[in-house]
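What follows is a pair of complexes built around subunit A, which joins subunit B in one and subunit C in the other.
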Partner chain A sequence: MNGTIETNMLTYRRRSQVDKVLRGCTILATAIAIVPLVLIIAYVLLLGGAALNRDFFTDTYRPPVPVGIDPRTGLPIEGTGEDAPAQVQAQGGVLHGIVGTLMVTITALLFSLPIGILAGIFLAEYPDTPFNTFIRFCCDVLSGAPSIVIGVVGFTMIVRPSGTYSGIAGSIALTFLMVPTIARTTEEILKLVPNAVREAAMAMGAPMWYSTLTVVVPTALTGIVTGALLAFARGAGETAPLLLTIQGNSNLSFNMFAAMAALPILTYKYIESPFPAENQLAWGTAFVLMMLVLGVNLLVRITTARIKR
Partner chain B sequence: MADAKAVPRITASSRWARQTRHGDVFFWLLTLFFALVIIGLVVVVGVVTYNGSAEARAAYGWSFLWGTDWNPIETELYPVSFGAWPAIRGTLLSSLIALILAAPTGVAIGIFLSELCPLRLRQPLGFMVELLAAIPSVIYGLWGVAVFANWFNNWVANPIANTAGQFVPWLSGPIAVSRGLAITGTILAIMILPTVSAITRDVLQAVPNHQREAMFSLGATRWEVIWGAVVPYARAGIVGGIMLGLGRALGETMAATMLVGNSTRIEQSIFMPATTAAALIASELPNSVSLIHESSLIALALALFGITLLLNVIARYLVWQTARGPAGEKV
Partner chain C sequence: MSETRTRSLPLAGGFAATAAARARTREKAGKAKIEAVNFNFYYGTFKALDQINLAIPEGEVTALIGPSGCGKSTLLRAINRMHDKTPGAHAEGLLTIDGESIYGKDVDPILLRRRVGMVFQRPNPFAKSIFDNVAYGLRVLGERDNRRIKERVEWALRRAALWDEVKDRLNATGTSLSGGQQQRLCIARTIAVEPEVVLMDEPCSALDPISTLKIEDLIADLRGSFTIVIVTHNMQQAARVSDYTAFMLMDPKTRAGQMVEFGPTAQLFTNPTDPRTEAYLSGHFG
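Coming up: the complex of A and B.
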């Protein structure tokens, strides 16, 4: 592991060349990693942005009718050329997906906020024992568990006994994934609150619960909201657990106890479609998801920078 | 009510308040309860997948893991049987490819961010790396299917299959569709890169400065300092970061489902369609044909959970041990 002894025997010129080359390699690696990031963002912004129009946000699914193909036979109509279907514009929209994602994710947030915040208070405000370490470990296990496993749990626990896919099953599955994020950010942000604040409240005769709820938590509120936003962004982007719990739906539905649509599911379904019009919708949904994630992360970046200062 | 002898007066309510430390006991119990809920969630995941897979475990036992035939529907040629090996093999191979590509690159990025990067660039670059981690996996899959697959086919898969593939069976063609373990592994590599590099950066930054200063004072170049004094010190943590990345690759679902081709036949070549455990569950569980089919898929989920749990335990331990702080005597 230790190459220094051999390198000492080389001339300085040789050593500084090795130094330059290997340092260059790390720069190269960083550059290589940035290329796919830039490409992915650029493609989503360009192709996705092109798919956006008024219908995209206000309309639901419409079966594509490609120009140049006879809807009854599925064969090209004479004289329109081979590439005619590529001319079809995206039609219909993803309102059902937007509604589904918002309803399912916000419900999941309502489930996971109390669990996450109170567990975070337990971790941060009470003495650090091995039990706390174990809870932290459980958080890591939950956030490290493959999301498909959580989907399987939702499927086996709720969808199969109740006999139907439902939005609520999706919310419960997402709760498993959002709780650890909220608990850990709450804990970390509460630990940044200076102890003098707690002592000041104690000196006024406030019991601990009162000082925690009215003094400590409000001080850290920005950070807690940050954690909730991160959890929301993570939940909104999850696909696998939703595929097994809310299944997807082509119609606008507000019923949390039946199958619902969600944006990531639409992305997945539409890109597999043979119709270019639906592929375009896939890029559009990806655009909306990406904006959500980018927006939340930028917001979080700004607020945490302010808190730490 | 009021006790006449006591000075000062003690009322029932004040005794109650004192015994419960003015309600603190209740608040403690409340937060404790929700902390226990987190443990409960983990238990639920384990118990539900364990119970749900009872049928498959009873029918196949451990041989489920290395059975090579996955036939949910009886055909003339094959009887119904559930062996997880095609899925497990696909998971292991695609993750291995991802690891080979991402581990050196990720460690190099971590070194650059922690040791070499100009301070002005450190923040924005670190932010970009973290952003990569936040992009939903379905978007990686989308980009992989619609953009990267073609490119990969023309510039990587076909050239390799036409040259090395002539002699090495697992690199051979013919490449009909651009779905397979190789492209899945490549996209997985992009996805786990931020995990590996962010953790490498964090553990390297935890290395005390006297390690670097001592090495510099011996006349070492920057790279010799990094490779001789900094990286060995943080070795365990770097390995932990790579393992966390591996855990993510093993369990990744959407990108794998979209790119791996979902074929349960075992092909020799990594450019041929295959399947992974997560992809198999995602594509077959919603329309499983029988109880044993469903149970086998849940057993697969149980195996996946077990593996990632184990990886997480080891990796967290390694990272924690390195980042714990002053351990100058330890090395």
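Coming up: the complex of A and C.
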């Protein structure tokens, strides 16, 4: 009897040691995963934050000029000598990118919200048929597709036939990306709504469309809004589909039927520039994009917390 | 048959017509409200109900009792066609309300459910305010007059013995109530549209004894105004609340539910005709 208890204590000690080792491993792995994230955020905050000023948000592209030249007039600035070092600087801002990103992404959201939510309702609320399975499969493939592919499709289907890069082409390309995400999140959320609620509405004599609109969707609304906002954040950060559809524009343009600028495209172009000042603009746009994504996520958290309460 | 057909037609006219139909049916108390004649029910190829014969009297409380798996919930849910969305589920034989076949070809299950309300095992209020929960059925029926909705909501909550507890917080969500209150809210929601029949599927099995007592009082109070069919596992509850009791059993070979005995509760509990009923009531099995 004594012996048995002795053995059990040994087993117990070994198990608690294994427990400690395993816990150490998980903490280590978490730390390794978090370090790059923290580095990225810190880097973007420091370098990007330094690039921000009033011009950054209110001005558009200015060509780089040597130090001592006023970029607006092209004339030397009083007080700086001709023999100043031939360093080149850029001034101006990314207002055109901010406007382009907002217009293109919001338009894409307007396209994809109704399609995505209705498709999600179809997938979740109607009985499974081979057709449903096919649609679900398509959504999964489409949301996993490399975004450059979406860009190529947008380029071939819209830009080529219409003969011009355009904001609307970018919106449609982003819609391809956002619809499957919204549809699948809507479906998953709707499936979490307890069946008892549907039965209750059914037993009240509510037709299916009525109970779906008045009971099922409102119950899941927080989740659906979350999905839409996250799709918006993802769309705003996409570069590849936009490069091939809206092309980019150095000027401020509100015309959705012509080439437009977008923040990710500006980041892409400026970071490759030989001029350090333009590199700085790239960090600035990266910063703004990051803040956009962060802001959307915070918004999601605040709204869900408020509704839960 | 033709007379009953015309009688059931007003249910197409929404709330007022349903109330009128109720007033008419009240005059004919004592008649069978729901009748099953050689009624079979299948889940795919599995026969869940076998040759059920039953006449549920109008305005009374009828309890369906029996051990688990005997088909009492299946029978209850067949009455307002809650199985319609279950793939493969289908009925055979005759099940009628006011003489009209429930599974008839041109019966709209939505209109049927407006006459036959249901309370479920677990309280299932909507994630809406208490007021909107009770008003839901009225709005389904197309009632737009807010003053009338307010009256009906108060009436239903009073009948469900919940008004005094919630009158100061009608805007709180239904899910913030306690379990027993939620179930009374669900009953209020069901009776707000004045259905002719109220089905209750083990309405107290998720509740504590005090809440159970309140629901039982409520059932006694609703008796006479509604035809109530209640499924319960609890024989004492059946004895306490019901006027008629149907005892069901599962056929051990086919696993199909069968009706063993049906009669006035007092008679069935004190002087059962079938030895299996007696065995069940005296606790020999189940």
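Annotations for the structure displayed:
The definition used in the following text is that the second predicted complex is superposed on the first by the 237 of 309 C-alpha atoms of A that agree within 3 Å, B and C clash if a C-alpha of one lies under 4 Å from a C-alpha of the other, contacts with A are read in each partner's own complex, and residues count from 1 in each chain.
To be clear about the criterion, a contact is a pair of C-beta atoms (placed from the backbone, for glycine too) under 8 Å apart; a residue touches a chain by one contact, two chains touch by 3 or more.
Just so we're clear, the structure is a prediction, and the values are computed from it rather than from any experiment.
In the superposition on chain A, A:Pro207 contacts both subunit B and subunit C. Touch criterion met: A:Ser16 reaches subunit B, while subunit C stays clear of it. When the two complexes are overlaid on their common chain A, residue A:Thr219 makes contact with subunit C while staying clear of subunit B.
Using the contact criterion defined above for the overlaid structures, shared-chain residue A:Tyr126 touches subunit B, although it does not reach subunit C. In the overlay built on the shared chain, the residue A:Ile40 is in contact with subunit B alone; subunit C does not reach it.
Between subunit B and subunit C, the partner in contact with more residues of subunit A is B.
In the overlay built on the shared chain, the residue A:Glu278 is in contact with neither subunit B nor subunit C. Look at A:Glu187: by the touch rule set out above, it reaches neither subunit B nor subunit C. Residues 207, 210 of subunit A contact both subunit B in one complex and subunit C in the other.
Listed in rising order, the residues of subunit A touching subunit C in the complex are 127, 194, 196-197, 199-207, 210, 214-215, 218-219.
Those residues of subunit A that touch subunit B in the shared complex are 1-4, 7, 15-16, 18-19, 22-23, 25-30, 32-34, 36-37, 39-40, 43-44, 114-115, 118-119, 121-123, 125-126, 134-135, 137-142, 144-153, 155-157, 176, 179-180, 183, 207-210, 212, 233-234, 236-240, 243-244, 247, 264, 267-268, 271-272, 279, 282-283, 286, 289-290, 293-294, 297, 301. Looking at the complex, you find that subunit B touches subunit A at residues 21-24, 26-28, 30-35, 37-39, 41-42, 44-45, 48-49, 52, 104-106, 108-109, 111-113, 116, 125, 127-132, 134-143, 145-147, 190, 193, 197, 215, 220-224, 227-228, 232, 235, 244, 247-248, 250-254, 257-258, 278, 281-282, 285-286, 297-298, 301, 304-305, 308-309, 311-313, 316. Those residues of subunit C that touch subunit A in the shared complex are 80, 82, 85, 87, 110-114, 117-118, 120, 122, 124-128, 136-137, 139-141, 186, 189-190, 193.
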